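There are two complexes below, and they share subunit A, which is joined by subunit B in the first and by subunit C in the second.
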Partner chain A sequence: MDEIIVTINGSQLRGSEGMTILEVAQENGIDIPTLCYKTELKPIGACRICVVEVEGSRTLVGSCHTPIAQGMVIHTHSPKVLETRKTIVELLLASHPDSCIICDKGNMCELRKIAADMEVALPPFKVRKRYYPIEDTSPYIVRDLSKCILCRRCVRSCSEIAEKNVFAVAYRGFKSKVVVDFDEPIDKEVCRDCDVCTRFCPTGALSKPREVGEEKKGEALFISG
Partner chain B sequence: MNNGQEELLLLLQKAQNEFGYLSEESVAELAKSLALPISDIYGVATFYSFLSTKPLGRNVIRICKSMPCYLKNCQIIIDTVEKEIGIKPGETTPDGKFSFQLTNCIGACDKAPAMMINSDVYDDLTPGKISEILKACK
Partner chain C sequence: MPQKLIVLRNCGVINPKDITTYLDRDGFKAFKKAIDELTCEQVTEEIKASGLRGRGGAGFPCGLKWDLARKAQGDEKYVICNADEGEVGTFKDRYILERDPFTLIEAMAIAGYAIGAKKGYIYLRAEYHHLDLLTDAIKQTREKGFLEHFDINIREGAGSYVCGEETALMDSIEGKRGEARYKPPFPPSRGLWEKPTIINNVETLMNIPQIILNGAHWFNQIGTDQSKGTKVFSVSGDVKKPGVYELELGSRLKELVEDLALAEKVKMVQVGGATGKIIPYEMIDTPLAFESILGAGAVTVFDETRDIVDVVYRSMEFLAEESCGKCAPCREGTEVIVEILERFCRGEGLEEDIEVLQRLASAMMLSSLCGLGQAAPIPVIDSLQYFRSAYENRIQKN
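Moving on to the complex of A and B:
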């Protein structure tokens, strides 16, 4: 395979044809934050958090889906990149409900982790939140689409890994939404014993229904007298 | 990309022209014949403003809400149409005469604000022109 040499943050790095900027960076220990990207899934560049600066390119490019080319000069942590990433997280948080404190995903949420890593506080944008009713008809999966950030990890994992094609994205712009069939609440028998999408969801939008007695499994509170 | 995906948009337009809208039955049938998931087809059908998943009236009014029309105050046109026919964007009159929708650019930016009724374009709109245009509709 052809060897391709690129310059990332001033140092010359080798990669082979077909590799993405992100892959080369990761191989060389350069940390680029990602959200919609997962090694198991095809990259689609939906969330834009992994953007980097490529000299000569009009816009910032998504590193997870942009293949390297001979002689590319890339900056992964320039001021412009850092500022853009921060704004992207702020925008994602702006339309996400502020209910982290009572969210079951609370401390496992990848969106929250990225926000903490980038030191993003309360977003300065005033955006309408999109509230949808919780879908808990299915015995196998619970959906709370108000928390969905449209990373499409569920859509991709369901079609690429589980091969069941339950989800698709419908509508347009601000109204975009992950739908099942004719935008019906999820209640599908194919979801039985699957659990693939719930594990891929970075936020609290997808989860398994609570089992009886689950809340007793946690550590006992120590109450001093 | 399989063949089904390539043909999908054309077939959706065809079904829309034939039945006036995309019913659940026709979407389900398309899904079966193209071997595509229903949700994928529903996604495409709801993305384009010229496709509809609900039954439409005899005259479909589509007012452009893209930037040039917005800057030429299409809101006043929207308000006028709302007042004339008594429904809001996204609705159909009970008698089935009018459906009212907002759409993205229809390519009449040089004569903004513009709207379409069925396949006819009306441009350089002013609130005064609206009632005459609507009266001509059957």
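Moving on to the complex of A and C:
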């Protein structure tokens, strides 16, 4: 396989044909934040958090899907890149509910982690939030689409790994939404307990239902007073 | 400068329902010349030498695109004609399709020969559903034996703006949700159904037969340094004579807007549709060319009675509605901009809003996945540059 030499942040690095910018960066310990990208899934370039500057390119390019080319000169943390990434995180946070402190995924949330890493605080602009009813009728999965950031990892993992194609994207623009069937609440008829998508969700949008604890199975106690 | 007709040369002259009238106007001579006298490579070289660039707005060199597709390995290849014409204020392709469908078919057959494709698609805008004459024209051409090795199918869109973007268009033909794909891979190497594909605007293709017949040198003499040939413009808005005009590239915006379309008291002109650049009247002498401004040829004129913030707000509202929702900057960014502009329209803008608009615009232009998100903030940026006071006057005082 042909060897390709690229320059990332001033250092000459080697990669082979077909590798993406992100793969070469990761192999060399350069940290590029990602949200919609997962090694197990095909890239789609939707979140745009992983954008980098390639000299000669009019726009920034998504590093998760752009293959390296001979002699490419790449900057992964230039001021332009950082400013753009920061604005994208702010945009995602602006429409995200402010319920982190009571969210079960609070400390595991990838959006929150990226925001913390990039020192993004409250966005300087407001936008309406998407509030959807919580779907908790399925015994296997709870969906709270208000917390969905439309990274489509659930759509792709369900299709590519579980091979079920339970999810799809419907509607356009700001109103686009990950749906089941013709936008029905998820229930046990369409989805079994494979648990693939819940593990891929970066936020609290998909989770497993909480197990009812033993304590609730006991008899009611009446305390006379 | 008077109009110069290359693309529109048959419009209104031939009968679009009768192929014999087209044959009398040198119809299919270019096609015969291509297959009888030229190799595939010579055809692409001729187009390359002509300097023809894509008329859909991006201005990519047409010959280079064809050459890449010709060289690409693939058991099957496709030619797509983009007749989605979704850009706000463009109607030139409809005008052409209604009057001269045969030149387009001939051009697609030449393209098929040049890259080695056996199948072509015309992706027709849903609203142009009434154009039965296109199906009829393909049938007549087939009967005359010009489509023996290459067949053309019509695919109708479902009314999405973003499906005019080449990769979303291909998704739509494949029967998927129309959303932009990332590039590379580019369509000439992996396009429709992952096969090498060329995708050209109606108007780009309309130039092909004349270039093959008259030679690249003839075409190369017309236009400016980097913009060869003519351009068909759709002029609308505050003008006395709206319509379709074909001018040599490099003509001044003033000639088109004031001399031909008879506009008066012009405040600004938006060139290129909803995502087009805004040209204030002081710059009306700007030449129309790829080097300066062009887009897909939509020219919308606004006179002094129009309110710039309202115009930009409506453009953004449209773009937010039409964003496919795949990539974050466009999906979220257009919505935030709409909400801010709506505040300005009510006279309730905030001091910090202008800076926020500029930040959002820059992030969207740099990081969006496709041309829609990358170009969406252009009217905002331009209006802030030329008509900043219109915004400042609407900032809430206390």
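Here, the second predicted complex is superposed on the first by the 210 of 225 C-alpha atoms of A that agree within 3 Å, B and C clash if a C-alpha of one lies under 4 Å from a C-alpha of the other, contacts with A are read in each partner's own complex, and residues count from 1 in each chain.
Quick note on the criterion: contacts are C-beta pairs under 8 Å (C-beta built on N, C-alpha and C of every residue); 3 or more make two chains touch, one makes a residue touch a chain.
All values derive from a computational prediction rather than experimental measurement.
Visitor: Since both structures carry subunit A, what do subunit B and subunit C do when superposed there: clash or fit?
Guide: clash
Visitor: A:T87 contacts which: subunit B (first), subunit C (second), both, neither?
Guide: Touch status of A:T87: second partner only.
Visitor: Once chain A of both complexes is superposed, is A:A115 in touch with subunit B (first), subunit C (second), both, or neither?
Guide: neither
Visitor: Examine A:C100 and indicate which partner it touches, taking first as subunit B and second as subunit C; both and neither are also allowed.
Guide: neither
Visitor: Taking the superposition on A as described, I'd like to know which of subunit B and subunit C A:D181 touches: first, second, both or neither.
Guide: first
Visitor: Classify the contacts of A:V166 with the two partner chains as first (subunit B alone), second (subunit C alone), both, or neither.
Guide: Only subunit B; A:V166 stays clear of subunit C.
Visitor: If you count the residues of subunit A that each partner touches, which comes out higher, subunit B or subunit C?
Guide: Looking at subunit A, the partner in contact with more of its residues is C.
Visitor: So, A:R48: does it touch subunit B (first), subunit C (second), both, or neither?
Guide: Touch partner of A:R48: subunit C, not subunit B.
Visitor: May I ask you to decide whether A:K126 touches subunit B, subunit C, both, or neither, giving the answer as first, second, both or neither?
Guide: Only subunit C is touched by A:K126; subunit B is not.
Visitor: Looking at 145-153, 307-315, 343-351 or 361-369, which bit of subunit C clashes with subunit B?
Guide: Clashing stretch of subunit C against subunit B: 307-315.
Visitor: Could you list which residues of subunit A make contact with subunit B in one structure and with subunit C in the other?
Guide: In subunit A, residues 168-169, 171-172 are touched by subunit B and also by subunit C.
Visitor: For the complex, give me every residue of subunit A touching subunit C.
Guide: 43-49, 51, 59-60, 62, 65-67, 80, 83-84, 87-88, 91-92, 94-95, 124-128, 149-150, 168-169, 171-176
Visitor: Give every residue of subunit B touching subunit A within the complex, in rising order.
Guide: 24, 27, 37-40, 42-43, 45-47, 49, 53
Visitor: Residues of subunit A touching subunit B in their complex?
Guide: Residues of subunit A touching subunit B: 165-172, 179-183.
Visitor: For the complex, which residues does subunit C have touching subunit A?
Guide: Listed in rising order, the residues are 160, 177, 182, 184, 320-329, 331-336, 339-340, 352-353, 356, 359-360, 362-363, 365-369, 374.
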